[in-house]
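When the chains are written out, they are named A, B, C and D in that same order, and each has its own residue count from 1.
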Amino acid sequence: MVKVKVGILGATGMVGQRFVQLLADHPWFEISALAASGRSVGKTYSDACHWVLLTRMPKSVAEMEVQECKPGLDCRLVFSALPGDVAGPIEEDFAAAGYIVCSNASAHRLNPRVPLLIPEVNPDHLALIETQRRRYGWPGFIVTSPNCSSTQLVMALKPLQEAFGLARVLVVTLQATSGAGYPGVASLDILDNVIPHIGGEEEKLESEPLKLLGRLEGGEIKGAELTISAQCNRVAVRDGHLECISVELRRKAELGEVITALEGFRGLPQELGLPSAPRRPILIRREEDRPQPLLDRYAEKGMAVVVGRVRRCPVLDYKLLVLGHNTIRGAAGGAVLNAELLKAQGYLD
Amino acid sequence: MVKVKVGILGATGMVGQRFVQLLADHPWFEISALAASGRSVGKTYSDACHWVLLTRMPKSVAEMEVQECKPGLDCRLVFSALPGDVAGPIEEDFAAAGYIVCSNASAHRLNPRVPLLIPEVNPDHLALIETQRRRYGWPGFIVTSPNCSSTQLVMALKPLQEAFGLARVLVVTLQATSGAGYPGVASLDILDNVIPHIGGEEEKLESEPLKLLGRLEGGEIKGAELTISAQCNRVAVRDGHLECISVELRRKAELGEVITALEGFRGLPQELGLPSAPRRPILIRREEDRPQPLLDRYAEKGMAVVVGRVRRCPVLDYKLLVLGHNTIRGAAGGAVLNAELLKAQGYLD
Amino acid sequence: MVKVKVGILGATGMVGQRFVQLLADHPWFEISALAASGRSVGKTYSDACHWVLLTRMPKSVAEMEVQECKPGLDCRLVFSALPGDVAGPIEEDFAAAGYIVCSNASAHRLNPRVPLLIPEVNPDHLALIETQRRRYGWPGFIVTSPNCSSTQLVMALKPLQEAFGLARVLVVTLQATSGAGYPGVASLDILDNVIPHIGGEEEKLESEPLKLLGRLEGGEIKGAELTISAQCNRVAVRDGHLECISVELRRKAELGEVITALEGFRGLPQELGLPSAPRRPILIRREEDRPQPLLDRYAEKGMAVVVGRVRRCPVLDYKLLVLGHNTIRGAAGGAVLNAELLKAQGYLD
Amino acid sequence: MVKVKVGILGATGMVGQRFVQLLADHPWFEISALAASGRSVGKTYSDACHWVLLTRMPKSVAEMEVQECKPGLDCRLVFSALPGDVAGPIEEDFAAAGYIVCSNASAHRLNPRVPLLIPEVNPDHLALIETQRRRYGWPGFIVTSPNCSSTQLVMALKPLQEAFGLARVLVVTLQATSGAGYPGVASLDILDNVIPHIGGEEEKLESEPLKLLGRLEGGEIKGAELTISAQCNRVAVRDGHLECISVELRRKAELGEVITALEGFRGLPQELGLPSAPRRPILIRREEDRPQPLLDRYAEKGMAVVVGRVRRCPVLDYKLLVLGHNTIRGAAGGAVLNAELLKAQGYLD
């Protein structure tokens, strides 16, 4: 099979590096273009990039020249790891120029014509692509992946919504420092400390899941009728967000049913056997002190979420913990899975 | 004024050390006895104790001989920092022998005849002392202070309960490692990690506040009609527990009213000017990223709780953060304040 | 090929777990016995062991019963991860009972009849086995591997000794907490801190290298004529010891020669292609800020040492940094490589 | 006594904040001007400054307007916490305009006409001021304080030099993250890691002490005949640099003599009773595991250095550990002590 040429926008940042890492040996995709901001343009990737991942920079990209973030890149699809404040118009330019854009940026997530996609959760939302193209007259299109905290929350909520309905969700997060990119969180701010605020995060966590769990009706997404309250904290952990969740179900359920619903959850990526799909999207741990970021963040290569301590909540119905790898499943890996779904569904033909 | 002689049971542990630190220059109390487990007995305090606080061990105690934890100590009142599994009978022996016991241990906290006391919250519960003495025939008596997490939670809830009534509370904690004592949490367990479980902590946090916020009726405490759901986590912080709280009030209130109620809160210790009382039991921070353990744990010498990010909760009524110093206000300092109240109320005469 | 049955003494501790991890899929060895102290005996390994490694406990051992640390185990060779204070007599019992003992404990390291072995450095020291057996009348024998800090130091010193001779070495270590085992270092001791002392470590680091770099003469080891001064510190790092070294050479050498000697170093394990041998025992990094524990500890699966910042020293001759994985190359992995050398040399036939 | 008006250049950075903290209640000095870079000018100090110290920002400065870093400030003396790359010409402008400049920046440290001063070590070097003024024709003058690592090293070396002479010094540092300012070291770089390189630090540590320990001859400093070799590391510690030192003395000495020399060390600040002078510049700890950054950094309010583990070195003569607070004694506190010496010596009259 000839591999699809892909480019990475914002390739030198932390999420950009994860894209490089995940795509370096991808069976379907081949990195043919790296793009970043002005001060990197013209340099080799290894010169432009302060590589911060624990595996080595793949040799195949080290000598590639970093290009400008504008159409003209030699590829069919671009992954966008651009910062939220510049991503919007750049991604539109690429879609207008015929590229397929798989974006990890927030700019278009809540745009009603742009799919906000988790392949296990709402693959049918890809139907928005048609509306999007018609509306904007683009030969290409944009598909977005959610905020890291939303992704893992929604993956855990989806089977509960399907089985019992969801009324209310309270979530408190303990988020890793890699979520802020590099250099990101200063060591003086986090060593022996917790920072109980992450700009914009609670708003995302209270809104994105409603779209993700929404229903497609007449070519539009009708948001889920669900209320979410979020409190977000930064803790001294390198990778892996932990979420403490309480849920109120619409239909009462036994503990066993809840666990069965979570554990049995499978989606289209599992059915299609997409290359980056975890065998099981949700792993259940039964120990009283799991999941833990250090021990569970690389479950299924960082593509599964790990759920633990499912138990009754005296205030709402159930409490549980959800852990996910924020820069893999919650960012680059999620977007790569989106692209794999697009390919499997014929959008790249 | 002649100072009251006090002893410390479990003097070599982390909370025992805090007692020593707080009592070394106390205006009303004087340390006249230090007691600990068998392997320390007979040694000087400086030999028996692996001092882990950041201030130096007070010279006045360094050469004191560590004694057995049994009646016979030369003092009027004992502070108990004994481990939960041995505290019960030892504390009873002391009460039976005529000592006043101010305990930080969990053994007697939920005993309906023993006051579980926070001087700003429920000083009227001291009335239980009379019942206790009659019932057990003790010349002395026992007063307990709550678990660290309960203390700071209840200090923040009390003014809300008074002003608006409380129906339901959801709390997620991010707790410091000092809460587990010394050596306590292994560095390999917490470095680059979160441990989402603390043995027995959620149970305490869901039960102790009901007694603390309960009403004294006919010589008994009638527990508050309030439902609490707790999730407890250990994070890589030395001192200072952070709690993320959502509350449902019985009477609807504006945000301004809620903040006013918290900020205006004063209790008997403030009125009486007790030596260890914070000027204000609750400090309100208005920054979007406070309180933080590192920056706020020593507010009012660690005796105040710091509240921040008070805001509407889409699921219950209000969300807020509460931070307290777990081994000062949440342990030794809380018990010392209890003793000061006892003295001010004439129980030591 | 039929695999050699091996047992692990002290299997539940941190180094014992590393043995389990490294041997679970070993091409030459097969774990047939796990032994530990009294409180674990009779339990399954998964019940007896608080597994602290980041990979999962191999399924093949989870249900194995933990046995006593005494001869009778069904195996040909035992790896010893016993604590230093009990290892000595137990290991002797096994050798006397015909077992081959590959020990990571300190008990017999400096015994002149027991090889202290790093396969790349002094494989000829295996000649001591014959002396040992004759002297003690044992059908089995003991081979030891050095302290973690000594191993990586000596691997870096060996090529310098060969090429230029060594007169004096000053070494300051920054050691990971896993070196103290589990629970080991308390989080309250190391969070926001350095502990500038590790019991017995400096003595080991000043003596073991002399034997390792010594010459075999007439069936005995003549210690290297080399003076070492060590200062050892514990830092807040999970795995990977970093050593800051200054060396005085006996023959003056250019910087290029020094680097060439280090980079070109190969030993018998590389020649023989032993399964656990790193392709290159020493990797040279040329960046100004490498090696770093986080980035370099898993070089060659943790079996290589990584050297960096080789530069002139104004006081002695050269300064350099050496990093090694303390529980892989510096402990279990080193002992496994020793066993592989024994097998390759016919000692297991 | 009327207080001397002082200004702070670079007042919003980490060292600038330490100046504010140390000068807020100073008996001799009064902050009358705060200056910083362009983006802070015109704002109040509390708006311009991201305060990162653990004590509160003093009220007296919160509403002061931040001014430009150029002459015209209403004060007699300026403390400079400017970055090394801009400090040089600005400090010269102030000296030329008649101000006394106490600088913590590196720009003029090695200028042969500018005193590099530690009041306990080389107060006689103030004689350079006269030369400086004559040479440059300045009505004011510049006095500098050394790099943080140099300060604590030299304070420990001075009594050894005086008593025994010094030939060679090897030093390996474990430095706190606050030494890099704020935001400084990224948490992703240091959490579970060591960075074995600090730009320019080894060069400073190998050169500044030679001037500090040099002799004043004919109005010039003759550098000490001493060879220093430094290796510098960044570790996950908030404050407090630890240095592992080996020294070769010119005259052989017994261990007891060495300790006596260190312990008995006093300087002019102690004699004059300068307000910020520690009672003893060097504190000796005799425990085998001290000094530790966490426990010892605030010795004498951060103005003393703490020395421990003084013992024989098999390679050179003695090994010892030196700990100092890098932003107090090693930066702002050191410069304030310099200013106090200037005042006591009549330079501010």
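Criterion: a contact is a pair of C-beta atoms (placed from the backbone, for glycine too) under 8 Å apart; a residue touches a chain by one contact, two chains touch by 3 or more.
Because the structure is predicted, anything quoted here is derived from the model rather than measured.
Where touching is counted per the definition, the chains common to subunit A and subunit B are C, D.
Averaging C-alpha coordinates per chain and comparing to subunit D, the farthest chain turns out to be A.
Chain geometry summary: the mean Cα position of subunit B and that of subunit C are 48 Å apart. Averaged Cα coordinates give subunit A a centre that lies 42 Å from the centre of subunit C.
With centres set at the average Cα position, the gap from subunit C to subunit D is 42 Å.
Touching two or more other chains at once are residues 191-192, 236, 238, 294-295 of subunit D. Per the touch definition, subunit C reaches subunit A in the complex via residues 54, 191-192, 294-295, 298.
Residues 52, 177-178, 182-192, 236, 238 of subunit C are the ones that touch subunit B when the two sit in their complex.
Note for the complex: subunit D touches subunit C at residues 168-170, 172, 174, 192-197, 206, 227-229, 231, 233, 235-238, 242, 244, 246, 288-295, 308-309, 313-316, 319, 321.
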